[in-house]
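What follows is a group of structures, each given as structure tokens.
Same chain, two partners: chain A is paired with chain B first, then with chain C.
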Partner chain A sequence: MIIAAYLFSFLIGFAAVNLTVRGFKSLSLPLHILLSLGLGIGICSLLTFFSFFIFGQYQRFVIIGLSTAALVLLVILNFRQSRKNQTAFLAASFSIKDITVWKIIGCGVWGVLFFGIHFLATQNPYGLWDAWALWNMKTKFLIFGGQHWTDVCQKLHWHTHPDYPLLMPFFHTWVYAIIEKQLTFIPFVFAVLLAMACGLLLYAGLSPFIHKAPAYFASLLLLGNPFYAFMSTAQYADILLAYYLLSGIITIVYFVREKNNHMGLLAGIFLGLMSFTKNEGIVMALLLFILTSIYLFIKNRTNAKKPVLFFTIGLLLTMSATILFKIFIAPANTDILPNLTAQNAHLINIDRFMIIKNGILQELFNRKWCFIWPFIFILIVLRLPKFFSKESAIFTFFFLGFIGILTIIYITTTTFDLVWWLKTSLARIYLYLLPSILFLCFYVHFKKETNS
Partner chain B sequence: MNNNFKNFPWPKTRPTQFFVLALLAMIVFNIIVLQEEGRRITTYKKYLPHQIIGHQFAGLEEFTKNIEFIGYYTDISFEEGREGPKLFSHAQYSLAPTILELNSVKHDYILLVCKDEKNAWRVMQQIGAKPLRRNKFGYILARKEKP
Partner chain C sequence: MNKFFQQFLKLKTYVIILTAVLILTNGFYFFVSFTVKYKKKFYGFLEPGAQYATLRDSLKDVREAGFITDQNTSAEKNEGEFQQAQYMLAPTVLVLNDTHFRYNVLDIREPKLIAYTLRRLKSIPIKDNEYGKVVIQRKLF
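And then the complex of A and B:
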């Protein structure tokens, strides 16, 4: 049954991606499939959120009805557009001749890694502490809380982060609405699926721009990393954030490189979904949006308005849920924002800065990451100037900017013990940045230049 | 099906060969560590099956169904060690969507999670509550008597 639920969600995502990128020939079928998985999860979650927002509580048949209507509508729109433009129904292309022995071997190795990831996940069927005590517990409130579901944002103990956006719990609620059982199994399947899909997305996202062999090795490097496998199956929302960040970056590369406005729309949609996943997602979405728009205006001064408009529409389409949630449901953030806005905030605090610097370095060189970060560091140093050229500059400035913002938050927030906070949060930050940083490094090192 | 191995992009220049070797070394190292981790887990799982979150409070949800708030009283300090927060989180997860209000005895139902059970009985006496359910861990769900 759970497979049927995922298939339903995937079909919604597939139809939505197909409709958005119609007429864009360069999209490969694997990339189309993997983007559809993420978009399907996002759409189903947003539909569930809107059903809660309008009807005030969990209504199984409203959720199923809305999702079915969305799928039917998307399929009709796809057919209409296909007939109108006289194009093939599927935007992505695939041929049986593309299958080679190397690809079969490659898929076999991915299969072995999938069993490794699944094995690690079975050791924590409830996920790690914050997964069950925060995300999965909130899912129980959404499903069984009736009209009191908003208690997750207003009345629960502060340690449950009442202001966090709820894309993941709403998706688990959506799956529960379809299958109505196995509540602890739903987040488990979600975590294993996304942990694997993130590695595959890294390959599918890199392979149009670089040679397939290094793209494949990049995915092996990620999926074979034991700590990545452990953390990504911990049932935290960080793996979903990693997935949306990577999807957003891949679609932005298409958007700016191939000058395809429809990919800009899709990129905006992914950034909006990221903002409904975690609070960090809001910061990352806005930062990527601003940097990409600046890049477009610098590159095409006169012709940048239309692409930026598409990008903005995409962002607003999905970010609308975050805006509604933050205005009408979520409480104000009491840990970080008051400290940042306080007039006496101590931005220059050398002691705290040194603790943060040491924490970051210790995590970078921690053996649990199997030296993937020093490896990335070498990749960056080897071609440092290339990281600041063309579209790569967007992402380099994005990572630098995001690290800068995080550092300011760490320095100014005094609600938590800094050492404890760094210890508990840095590994998660590294987790959601890792797939995208690997993407950037391999992209910079191996990218094929276009004539344009 | 194309199985021409000659088409495979073997690295040609020295720096590329070095890079591919380093990459392969990383991947092999990852797989070795993953295997070690798997072996370690299999060994200890023989003796310790996985933890069921909230098992200490299993069954209490039948009594708290449809109640929005209950009090949670504990004599375990939250400042020393993880035991206090862990039990509170387990109870909250287990009894959701009922909200547990930490160290509050103002509600009709109170969950008493005490290291020393005498403390729980003393609190019940003070607030005029009677035990509704006591489990094998000594945790008590009490209800205040109507005046």
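And then the complex of A and C:
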């Protein structure tokens, strides 16, 4: 039954991606499928959120009705557009001749890794600390809280981060609305699926721009990392954030390289979804949006308005949920913003800065990551100037900017003991940045230049 | 032969070799981690907050309740009792160390302190369990 729910969500995502990128020939079927998975999750979650926002509580049949209506509408729009433009129904291209022995072997290795990841996940069936204490607990409030579901933001203890956006709990609620059982099993399946899909998305996103072998190696590097397998199946929202960040970066590369405005729309949609996943997602979405827009204006001074307009529309489409949530439901953030104006804030504090620097370095060289970060460091050093050339510069400045913002937050936040906070949060930050940083490194080292 | 050396001297080749070595290292660690967990004796998994599961029915339809504890509840050093109770008893909101509610959940390890709390809050226990967790209700009259 849970497979049927995921299939339903996937079909919604597939139809939405197909409609958005119509007429864009170079989208491969694997990439289409993996982007559809992420978009399907996002759309179902947003529909659930809007049903709560309008009807004031969990209404099973409203959620199912809205989702069915969305699917029917998207299919009709796809058919209409296909007829109008006289194009094939499927935007992605696929041929049976593409299947080779190497691809079958490659899929077999992925299958073995999936088995391993699934097994490691079964050792933590209820997820790690913050997974059940935050996300899964909030899901219970959404489903069983009736009209008092907003208690997750207004009455719960501050340990539970009441201001955090709720994309993941709303998606779990959506799945529960479909199957109405196995509440503890829903986050488990979600985590295993996304942990695997993130590695596959890395391959599917890289393979149009670089040779297939290094793209495949990149995915093995991610999926074969035991700490990634452990953390990504811990049922945190960070794996979803990683997925949306990677989807956003891949679609931005298409958008900028191929100058396809529809990919810009899709990129904006993914950035908006990222903002509804976690507070860090809001920062990342805005930073990526600003940097990409600046890049477009620098590259095409006269023709940048239309692409940026598409990009902005996409962002606003999905970020509208975050804006509504932050204005009408979520309380103010008590961890970060007040500290900037507090009397005891130490904006230039060398001790805290040194603790942060040491914490970051310790995590980078921690053996639990199986040397993947020193490897990334070597890749960056080997081609440092290339990280600042063309579209790669957007992402390099994005990572640098984001690390800078995080450092400021760590320095100014006095709510927690800094050492404890670094210990508990750095691994998760590294987790959601890892797939995208791997993408950037392999993209810079192996990219094929376009004729244009 | 010349072509082979040209290829050999390319930076990309070294990066691929380095990646392959790292994949093998990761694979080895993954296998070790898998084997260790596979061979570990299985004792079953307890849902977080299972020690509060039997109290759920007594708090049905209660929107807010107090959670009174004599343990450390700081974000850094607590043993997660409060979070576990909140997870298990959701959608009842638990308010930490606030006694203004009609219903309160006690997580007190010292029996004398439980008796003292009952008397102080003019409450009666309505449900307790083998883990020493108690739901108390204030007497209305």
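Going forward, the second predicted complex is superposed on the first by the 447 of 452 C-alpha atoms of A that agree within 3 Å, B and C clash if a C-alpha of one lies under 4 Å from a C-alpha of the other, contacts with A are read in each partner's own complex, and residues count from 1 in each chain.
Quick note on the criterion: a contact is a pair of C-beta atoms (placed from the backbone, for glycine too) under 8 Å apart; a residue touches a chain by one contact, two chains touch by 3 or more.
Please read these numbers as outputs of a predicted model, since none were measured by experiment.
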Fit-or-clash call for chain B and chain C when the two complexes are aligned on chain A: clash
Touching partner for A:Asp417 - first (chain B), second (chain C), both, neither: second
Which superposed partner A:His148 touches (first chain B, second chain C, both, neither): both
Partner chain in contact with A:Lys386 - chain B first, chain C second, else both or neither: neither
Touching partner for A:Lys299 - first (chain B), second (chain C), both, neither: neither
Touched partner set for A:Lys259, first chain B, second chain C, both or neither: neither
Chain B versus chain C as contact partner of A:Tyr126, first or second or both or neither: both
Set intersection of chain A contacts, chain C complex versus chain B complex: 116, 119-120, 123, 125-126, 129, 132-133, 136-137, 140-141, 144-146, 148-149, 151, 155-157, 159-160, 213-214, 217, 220-221, 224-226, 229-230, 370-372, 375, 445
Residues on chain A engaged by chain B in the complex (per definition of touch): 97, 99-102, 116, 119-120, 122-126, 129, 132-133, 136-137, 140-141, 144-146, 148-149, 151, 155-157, 159-160, 211-214, 217, 220-221, 224-226, 229-230, 370-372, 375, 445
Residue numbers on chain B that touch chain A, as the complex places them: 1-3, 5, 7-9, 19-20, 22-24, 26-27, 29-31, 33-34, 37-38, 41, 45, 50-53, 68-69, 85-86, 88-89, 92-93, 96-97, 99-100, 102
Chain A-facing residues of chain C, complex: 11-12, 15-16, 18-20, 22-23, 25-27, 29-30, 33-34, 37-38, 45, 47-48, 63-64, 75-76, 80, 82-84, 86-87, 90-91, 93-96
In the complex with chain C, residue positions of chain A that touch it: 116, 119-120, 123, 125-126, 129, 132-133, 136-137, 140-141, 144-146, 148-149, 151, 155-157, 159-160, 184, 213-214, 217-218, 220-221, 224-226, 229-230, 370-372, 375, 378-379, 382-383, 416-417, 420, 445-446
